[in-house]
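Okay, so here's the structure we're looking at.
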Amino acid sequence: MSALWDPIFGRSAVASATDDRAWIRSLCQAEAALSVACEAAGLIDHTTANSIVDACTQLGNSEPAWLGAQGAADGNPVNPLVRALRAAAGPQAAASVHLGATSQDILDTASMLVSRAAIEVILRQFEACVRVCVRLAADHRDSVMTGRTLLQQAVPTTFGAVAAGWGEGLGRSAARLRALSGHLCVQLGGAAGTLAGWYPHGAEVRAAFAAELGLADPAAVWHSERSRVAELAAALGIAAASVGKVATDIVLLAQGEIGEVAESAAGTSSAMAHKHNPIAAVTARAGALQAPGLVSTVLIAAASAELQRGAGPWHAEWQPLIELLVVTGGAVERLHVSLDGLQVDRAAMASTLATLINAPVGSAADTGHARDLVDAFCKEYGR
Amino acid sequence: MSALWDPIFGRSAVASATDDRAWIRSLCQAEAALSVACEAAGLIDHTTANSIVDACTQLGNSEPAWLGAQGAADGNPVNPLVRALRAAAGPQAAASVHLGATSQDILDTASMLVSRAAIEVILRQFEACVRVCVRLAADHRDSVMTGRTLLQQAVPTTFGAVAAGWGEGLGRSAARLRALSGHLCVQLGGAAGTLAGWYPHGAEVRAAFAAELGLADPAAVWHSERSRVAELAAALGIAAASVGKVATDIVLLAQGEIGEVAESAAGTSSAMAHKHNPIAAVTARAGALQAPGLVSTVLIAAASAELQRGAGPWHAEWQPLIELLVVTGGAVERLHVSLDGLQVDRAAMASTLATLINAPVGSAADTGHARDLVDAFCKEYGR
Amino acid sequence: MSALWDPIFGRSAVASATDDRAWIRSLCQAEAALSVACEAAGLIDHTTANSIVDACTQLGNSEPAWLGAQGAADGNPVNPLVRALRAAAGPQAAASVHLGATSQDILDTASMLVSRAAIEVILRQFEACVRVCVRLAADHRDSVMTGRTLLQQAVPTTFGAVAAGWGEGLGRSAARLRALSGHLCVQLGGAAGTLAGWYPHGAEVRAAFAAELGLADPAAVWHSERSRVAELAAALGIAAASVGKVATDIVLLAQGEIGEVAESAAGTSSAMAHKHNPIAAVTARAGALQAPGLVSTVLIAAASAELQRGAGPWHAEWQPLIELLVVTGGAVERLHVSLDGLQVDRAAMASTLATLINAPVGSAADTGHARDLVDAFCKEYGR
Amino acid sequence: MSALWDPIFGRSAVASATDDRAWIRSLCQAEAALSVACEAAGLIDHTTANSIVDACTQLGNSEPAWLGAQGAADGNPVNPLVRALRAAAGPQAAASVHLGATSQDILDTASMLVSRAAIEVILRQFEACVRVCVRLAADHRDSVMTGRTLLQQAVPTTFGAVAAGWGEGLGRSAARLRALSGHLCVQLGGAAGTLAGWYPHGAEVRAAFAAELGLADPAAVWHSERSRVAELAAALGIAAASVGKVATDIVLLAQGEIGEVAESAAGTSSAMAHKHNPIAAVTARAGALQAPGLVSTVLIAAASAELQRGAGPWHAEWQPLIELLVVTGGAVERLHVSLDGLQVDRAAMASTLATLINAPVGSAADTGHARDLVDAFCKEYGR
């Protein structure tokens, strides 16, 4: 969280969804759900489970600084949290806190809870962007403009087709994230991933744990098989790229010499009053460009996870995953600002085309299936 | 292709599937399929189509050096190929070569053909690895060993559960690549992505083009919406990571001080005769570590694709995609060598456990659900 | 800044040096120095300069949230800062605030101020690590141990030579950062990088600006020639790698089966009381693994900077540079904790060597020049 | 090497300098130099050294395929090379081949020889680019044009200042690579990095080895302290970025709507005869965008090097380093093609400025110190 940078990069909402308080809440939610699951499997009694749930509720709303301070010696925040929950739950319930679990069970599960919440924030923006693209595509179904390849004028297209292409990329990103979000799993394996601590009720506890949190049951232990995290990182990276593509186009079309689009709330310059910077698109691009390096870090961590729990690679994954959620969420938020107020200059489009292509666009064939591309897109994403 | 390095990194087969000859063959296959599709839509006649197909067959088997040499001025090999095909097809058919298409249509489609062939090579190795994991998991269902977390001895698991975990990661990678391979699409949009050159038969031509090549019809133009390429890169990157994880474990378990596994064809040392290097796993790791950086490049390219065709980002994607296919294919080939001859020392496992955990493993509960994890894995992937 | 994660990854001190408050302070420091430099060049009078400096001091200590909130519309915090400084400096001085400058001048210069301060924090830790390595190397000049290559036992070395090798890598990182820190430059170019706003006193103003801040005068404008930032990122990435190498070695030598080193304040496990996790080294590794992806982002931004100021690439560079400072600083802090209390088990070293190499180490030649390597290292870095 | 792709990306010359034959030559050169160094230290006699040098000369010119084929079992080409050299050197000299060395000594040293040769190729292109920039800067010292920030027209600059800025970035890259090339070191440590095999003449042998090859003597063993390789990768990555920046500017200024520059040998389109693609700059950008991901791989490898020799990280470094040399060399070759024939349209520059800035540029002050920037650059790099 940064009060200075987050607003500039549209990160405020998604930063809240992934901040320290969100993590402590999610960690406590996971511990609470575990006790409920253990009760369901008959491993602890109702009173004990209740005491633990109460302790989790109480600590879940606490300031996170104590957890960080105490977690340094352990290398993760779960150990001190468990100690605090044991104290808060009282002597009778203490031994049943964190029953059978290892810190990775709780941290990975909390990570999925945090990711799910952040993805909801992100998806709202993607979906809003797609809606704007539907509007732009429909409004500009007949706005003929110059197609540009390798940044050279090529042959005609329509702004409707361009907007449909933008919306399709963004819509695919949203669908990919939506599908993936529905498959986010709990982690539950115990110290060496054998679910020994709940034997012979391991599968039952895991299923109940998943049900309690509304996450999927992986039917496996993924302490050091990190493809689920890598898939999430990749989906975020691709989503960020789809934002970057659109933002790049906006910045290019908004160049003074082209002037076919403009942001309505364009940025000012500290030195030049006449400037009309497409700041929302610029900052969206900036976010998008930060995702690929973060994806590579998560993949390296996945490739390096040692034996039953990584000695560094696992820990190396936490921050880049948070950052990926944040940069992707910020980028799409800024893109939405850009798109939502986008001013499209049909006359400029027509005029560039007339002057430069020097080929009057008269017959339907000149823009080929541009209108069909718009119609297909609007049909798929409209309403 | 490197006669020196490819064999060392297990890349020979996959390098063949992606080499210059594979590309020229695929480029010509795409041009041939386009003429067949145009004939199906009634845009060119049968004789013309036949002449083009013949020219494609002829040039598809030529040495690629001329294409590279002539392509430099154009920035891609399609332009000189089209010129050569026009010459080869004869004056009557010349104008119908490459009808309606842009070079990106052909290059992207060829890229998908090359990728599909390479993925087949890669998948065979992944599936072979999974089969070995099934055998290892079944054979070692009861081989109790030390679980190690943060590279410290933790509590017992079984080697069967470890092998099942390996196989599950590799099996997920195979399934992901298999699914994706079935969805690889043709590209067909024409100069500005409006399919103007085939109007009003664009959709029909694209469908026939896809059918002829056995690729999917995207029902869209993805000249500068590169999520399909990014998805492919990500799936390869995750697959490489799943190889890296297993190779890392083998290298660690093969340490002299642990000695729980050994490669049967271990490498020698130029300086030390007594060494028994797990070379196949070492070189598999080396391949796996190269994938994440390549994935990031493909994502950056996707995020930067300008307007109707990228002015650099598109071109920046070709080599990293080839490299990703090659490093992933090489890594999994080397992993298969490692796994296939893996010698598992059950006695060493038992002895480490006895000495260090100092906790006799007697009851079923000690290894929890390790056997269940093996059974579930073998049931899913067995046979 | 994260109260939860920063302490766990040793990032607290370096996070403070790069946090929102550090930035607002540095931005104001840059604006103040500019007014001093303009006064020196005779462009503004003393009273005016004083009013501006006072306004900068006042706002430099303010909460940063307002800057972020107002900066969103501009895409950077400098524009709202300039507006606030003009209000605070009073009507007479207002027009002289930010005289001739563009927001990038101030932001880049502030970035260098923040980097310099953070590098000081980082360097203290590197230098402390090198001192520990000198001690370890000297203490263990004769501690013969097994050399391990490809993670297989090879031939003898000494722990002194190992520690000297560690220290040399860390020392080189420190020297590289120290040298680079001494060359960090101001940025001063004005709206299009021609220094038009101070003409004909541009060079004079820039020199005075640099002198006032204790930064170097680049004798050039680097608005979109980002090699200076790339060099900084690279030096941090290499420094992080040198930390990662040492931390990896510690984690490996601390494996239960090897047990040649141990951390004195080893981490506990939430599930296993007997574990002795080398948590400081584990979290140092985690930090080190995060740097390469961030370096790649800064390089991509440098490769993409458009014309006189990047439309996204410049903005994409800010966060990764901060993150690089933070992860590198965190990693080396954790490594220092690990190294400083490192328990070296000479007997275990001797015993592994005796058993496994099966070659009594008697003559000096067996460890070759290991002692010479120690002596050379201690001579270079000691005292 | 790719006969298809290398010419398109300007990689032919640098690919030759780093291809299989260059490697086998360099590996043999290193083995030959070692025998000369051992003779100098009195470890082997003159006749023996001569036999080895002869064997190295003979094998150094052989086809590399046998090395790759035989190296697979060893995980590197040095072991089979040593076996072949022993056979070729004859029974008397056989035991003195590779005396005291480990395969990494030879491979790392060969890597530096290959890098040095490739850097020479690369530097020639950088220097040629700088010369063109000097010419452009001088020729266009007074060509006033629109400065563009965030891709919006800002205030005036000159094309001379722009070209000077390009040349400065490229010149810094050349200087950085030149300096680094002069410090490329031999590797010589023996099996565990203690130089035991040459004791007590280790330092003497290493110095003679370095002198024989014209490389620097590191006075250290860097088997697993990979900062030297990381520095090289970083310098190449920064050099590639400096190319990317200029290529990006050219592509942008060559847009049809701006038309202030054009490539003289612009690319054609397979679909559009009127197009005038700045293909050299486009393919230069493509190369530049591939470097950052490769740098991140080398850094990850450096961060992960285990104990006395990495079990994967070392091997993971070879290909990315070759690729970095190749993509950087290719990018700068293409940039040179672009720059060398760059057509600068002074009238278009003036006209854009007049129309859009709507501010007649009359006085010297309007372009500030643009001319001074040109003069300073030409003075530094001219001649």
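Just so it is clear, A, B, C and D label the chains in written order, and each chain counts residues from 1 on its own.
Keep in mind that, in the parts below, a contact is a pair of C-beta atoms (placed from the backbone, for glycine too) under 8 Å apart; a residue touches a chain by one contact, two chains touch by 3 or more.
Quantities reported herein were computed from a predicted structural model and do not represent experimental measurements.
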{"item": "Farthest-lying chain, centroid of Cα atoms versus that of subunit A", "value": "D"}
{"item": "Chain pair with more C-beta contacts, A-C versus B-C", "value": "A-C"}
{"item": "Centroid distance [mean C-alpha coordinates] between subunit C and subunit A, Å", "value": "28"}
{"item": "Length of the line joining the C-alpha centres of subunit B and subunit C, rounded to whole Å", "value": "37"}
{"item": "Touching two or more other chains - residue numbers and ranges from subunit D", "value": "75, 102, 148-151, 154-155, 190-191, 197, 248, 251-252, 267, 269, 271-272, 277-279, 282, 285, 288-289, 292-293, 295-297, 300, 304, 311"}
{"item": "Subunit B to subunit D touching residues, read off their complex", "value": "1-10, 19-20, 23-24, 63-65, 67-69, 71-79, 82, 98, 101-103, 190-191, 197, 247-248, 251, 265, 267-272, 277-290, 292-297, 300-301, 304, 311-316, 318-320, 323, 327"}
{"item": "In the complex, subunit D residues that touch subunit C", "value": "75, 102, 104, 147-151, 154-158, 161-162, 165, 168-169, 172-173, 176, 190-200, 202-203, 219-221, 223-227, 230-231, 234-235, 237-238, 240-245, 248-249, 252-253, 285, 288-289, 291-293, 295-297, 299-300, 302-311, 364-370, 372-373, 376"}
{"item": "Subunit B-touching residues of subunit C, taken from the complex the two chains share", "value": "148-155, 251-252, 254-258, 267, 269, 271-272, 275-279, 282, 292-293, 296, 300, 304, 352, 356"}
